[in-house]
Amino acid sequence: MNWSNLSEFFSMGGYGFYVWGSYVVTLVCIVGEILLISNRHRTLEKQHGLIFDINRKRDNK
Amino acid sequence: MLQGINLACVRGDRELFKNINFSLEAGGLMQVHGPNGSGKTSLLRMLCGLSNPAAGEIRWCDKAIHSLDGDYFAVMTYIGHLSGTKDDLTVMENLRISSALAGSEISADQAKEALEYIGLSGREALPVKVLSQGQRRRVALARLLVCKTSVWILDEPLVALDVAAVKLIQGLLEQHLLQGGMVVMTTHQEIDIAAASITQLQLA
Amino acid sequence: MSINWFKYSSPASFYSLAGKITPIFAFAAVILLVAGLYIGFFVAPTDFQQGEAYRIIFIHVPAAWMSMFLYVVMAFWAGIGLAFNTRLSSMFATAIAPTGAMFTFIALWTGALWGKPMWGTWWVWDARLTSELILLFLYIGFMSLQAAIDDPRRADKAGAIIALVGVVNIPIIYFSVQWWNTLHQGASVSVNQAPSMATTMLVGMLVMVFASWMYSIAVILKRTRVIILERESHTAWVAELQKKGTVQ
Amino acid sequence: MLMWIIKRDLLLAMRRQSDVFTILFFFIIVVSLFPLSVGPEMNMLRTMAPGVVWVAALLASMLSLGRMFSNDYVDGTLEQMLLSPQSLSLLVLGKALAHWLVTGIPLVLMAPILGIQYDLPIEALFVLTITLLLGTPVLSLIGAIGAALTLGLRGGGVLVSLLVLPLYIPVLIFGAGAVEANMAGVGYDAHLSLIGAFLLMSLVFAPWAAASSLRVSLE
Amino acid sequence: MLMWIIKRDLLLAMRRQSDVFTILFFFIIVVSLFPLSVGPEMNMLRTMAPGVVWVAALLASMLSLGRMFSNDYVDGTLEQMLLSPQSLSLLVLGKALAHWLVTGIPLVLMAPILGIQYDLPIEALFVLTITLLLGTPVLSLIGAIGAALTLGLRGGGVLVSLLVLPLYIPVLIFGAGAVEANMAGVGYDAHLSLIGAFLLMSLVFAPWAAASSLRVSLE
Amino acid sequence: MLQGINLACVRGDRELFKNINFSLEAGGLMQVHGPNGSGKTSLLRMLCGLSNPAAGEIRWCDKAIHSLDGDYFAVMTYIGHLSGTKDDLTVMENLRISSALAGSEISADQAKEALEYIGLSGREALPVKVLSQGQRRRVALARLLVCKTSVWILDEPLVALDVAAVKLIQGLLEQHLLQGGMVVMTTHQEIDIAAASITQLQLA
């Protein structure tokens, strides 16, 4: 084990800004990418749902 | 009201016409005839103030149009060879924006109605670049439906239109004339438009 | 066991296949990521030269490798799509580009953050750095071109041409930049002075590389599915899916 | 009117979202090309930086000028605008502002990041951004005159750049100069207020001049 | 066919002489702006010179790329060329060559004069001219691909630069590198033969790639 | 000789037409009718190989045209909505260069003769940009006089032409058909052309 306590872990031997800056931005990128894709998927679902609704209405008439 | 006095047009070293005189009253239609290259477009561009006559003067309500500027533009609509539509904007946006820039803002409903009348319903959301030639022309002409101007200057408005659309435009012009509007137009196609007074202007 | 691969080259059947296998890769990615980070932060020792700053390596190197590799894969699929007119391969290429660009960006970003403590500057015009930057431009060019074309099939073909031209250029760019730089003995520091790595560091890094692999595969499959849906929304099989309510 | 024209141009830019991004990336690429051809020595690059960024911004803004009126000219919408009862100067102002929003603003936001590539100190980055913020609208406004004049283009292409560039150069010199002054530890207020003066002057005169040019070009 | 297309494009350039001059003028301006914005130290300027001239040449050549096909596209002549029984690659080659004759050659001729402004030694001027002579056709050829791909896309002018600039980089590096090598007293043969290799490669592949791009764009 | 088999066209999410079949022999004229936006231009662009049909195949002498490429282009001339003339070149240069690029070089005399026939004598040295709309159209159509191809595909060739010019084109087409050529054309104007066989194709 390299770290005796949490603050030592966060300070990264004085390089905290650089190390955590890298990891946080990477995390943001990855989460952002996943969110963007699922967002795209959800709007598609909504659109298809809409088409589906219209079809149903037409069928009912 | 709209008067041309001794108009002449020179293009390059060629004199296209001279001593053209006419006077157009409310409800009057003027049809400009002539073979290709006889100067019809040149005349119409003068009438709407886009170019200046080599000689003579154009008057609106007895004042020279170049002294009126904005006031004349507020009562006049010109539709020329170019369609004046943006390829990247949708049909709806084109109509609303061009009307707004021409001085009369219209609501989405009004625009929708006009587009339906002119036969573009279902195409409101398409960008103009994917439309057919005749449909583009219709977008340009749709402005006539929503503008509140009295002088319409139309350079071959019927080009690329199908038979149904020609009928539609014919009806539109007749209605405009009936309401006291004025129309100056050219066309190579035969068309009969009923009007209180019709002037035929023949260019050589 | 023989799999009928041709069956899966149609978007419809690929759609359902991808739906089934994506979670597997996603799961593998998470496991590997956790393992890699654990090794990276808790097992691997402090570097005696660089201190703790070297721990950036666990994302920097995987990202840099993925960025280069994905471009080649993208160009490959785009080329297949252009040559054989297979829709699915072109969709793959389109789906790979954003992920590749993201890894390129991460490599640049982490590199810059590493450079400041190590070299005293965010950026130098060194061969590797410069060619990574140009790689980002190539990705962005590919994506902008595709975004600017409305018709997806035209976009596929146009994108394929630029991707192929780009892939020819990448080695040329890499070597020219390297040569340009060595002729001019300007930069006094270079990434080549990497520390001789401890085994645990190496293991951590490799685990992270595999995690990036799994992540890329999962994300790309998922994005391909979205693209398939977007493009094929008018077709019968999507309508079928809608009826069943299984679009996801 | 002003709102409609800005709205229209922004809408057109949105339709081609890639437009905004490509101008931005053009800027980035041009700035990044210089180190490639000059060599990687940081000291020299740092001295060059303000000039390079400014020249690149000028080019990026200038490159997109062509489209300001010519698209509208080709499809006849410009003709229609001239026939509009509202003031043409206002219209030109609207188009110049839209141009700045689409091209200038992204450059301003991007400049500090590029400055880092050239290892500029923080304060110099700040000055660079401020000068660009004040300077880029001037480029759009003056550019509008040039764009309007080039519409007619009866062999006058060179004449126009000759006419417009002398007006660009002061902005460039004071823009880059302010940053250099700051890096040399000298005050840069005078530079800034001069650029501000250019901005005011061009806000007043450029729309009018461009409107007249348009009328001439379309006759 | 090849002759006719070259003849046609040169004729068009003659009609619009201003276009040729603007490109040249742009080149001169960009090169001359640098001393203005960077400062007058001769040693530094001399080191910068090859890079600046090459970047300026690259930008000048790129600026005119937009026009390579888009004019023909708008008025329907490109459509007609696609329907011509002759090979489309040949046509593209012709257009790229015409582009080079109109934009590349004037730059090559102008470069030594601009080099003098930066106090380059005679031999370096000579090397600069040679590299430009070999390098500018590559720019036109690769540029043709970008121009063909972005055809008909609004905002294509900037998109084209985004696509081709990264591809220009090796030419830029070796072009400027040859001059720097010469000034440093090192041999520059390797640089030259590399540029020559690029030229051959792009002569073979670029027309074909651009022709396919044209077919895609016009579909 | 020119055959369309089960052609279909999809634009965006709209199916413009499907199951279009026709076969055109030497001396045959096909007129494509339909309202604006019905897909006439789209069909004609397919026929000349500028775009690909969504389904079906186009054959020339029983071979698919995309497999023929250059060979098909050598016997086919297309004149579409766009005029295909360069604004900055003179009328004469336009004609000579466009013919040369289309594969048949012509001498200055031949060009002069064709231009005279089409009613542009005296305008040979003017740049096309100063011409009137109808005159530009004539420059484009003059290519028909000097080309030696047998299949002519004309998209609204009569637009913007005056009555005299319409007559002229009519005569030209009849002569071409008489000599065993083929013509596919669209127009919204009424026109009677004598031909050995006439196919009327109506799009919805």
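Quick notes on this one:
Note that the chains take the letters A, B, C, D, E and F in the order they are written out, and that residue 1 is the start of every chain.
Everything below uses one rule, namely that a contact is a pair of C-beta atoms (placed from the backbone, for glycine too) under 8 Å apart; a residue touches a chain by one contact, two chains touch by 3 or more.
No experiment lies behind these values; they were computed from the predicted model shown.
Among the remaining chains, those touching subunit A as well as subunit E are C. Contact counts per chain pair peak at D-E.
Comparing the centres of all chains, each the average of its CA atoms, the largest separation from subunit D belongs to F.
With centres defined as mean CA coordinates, subunit E is found 24 Å away from subunit D. The centroid of the Cα atoms in subunit B and the matching centroid in subunit C are 57 Å apart.
Chain centres here are Cα means. That of subunit C falls 32 Å from that of subunit E.
Each chain gets a centre from the mean of its Cα atoms; for subunit A and subunit C, those two points are 17 Å apart. Annotation for subunit B: residues touching 2 or more other chains are 81, 87-88.
Touching of two or more other chains is recorded for residues 16, 74, 153-155, 159, 162, 165-166, 169, 173, 180, 219 of subunit E.
Across the assembly, subunit A contributes no residue that touches 2 or more other chains.
Per the contact rule defined earlier, chains pair up in contact as A-C, B-D, B-F, C-D, C-E, D-E, E-F.
Put simply, subunit B touches subunit D in their complex at residues 48-52, 70-71, 73-74, 76-78, 80-89, 93, 97-98, 100-103, 105, 127. Considering their complex, residues 11-12, 34-38, 40-41, 81, 119, 123, 126, 130-135, 137-138, 156, 159-166, 188-189 of subunit B touch subunit F.
On subunit D, the positions that touch subunit B within their shared complex are 1, 4-5, 7-8, 11-12, 15-16, 71-72, 74-77, 79-87, 91, 218-219.
If you check the complex, the residues on subunit C that touch subunit D are 121-126, 130, 133, 137, 140, 144, 147-148, 177, 180-181, 184, 186-187.
For subunit D in complex with subunit E, the touching residues are 12, 15-16, 18-19, 22-23, 25-26, 29-30, 33-34, 36-39, 44, 47-48, 50-51, 54-55, 59-60, 63-64, 66-67, 71, 74, 153, 155-158, 161-162, 165, 169, 172-173, 176-177, 180.
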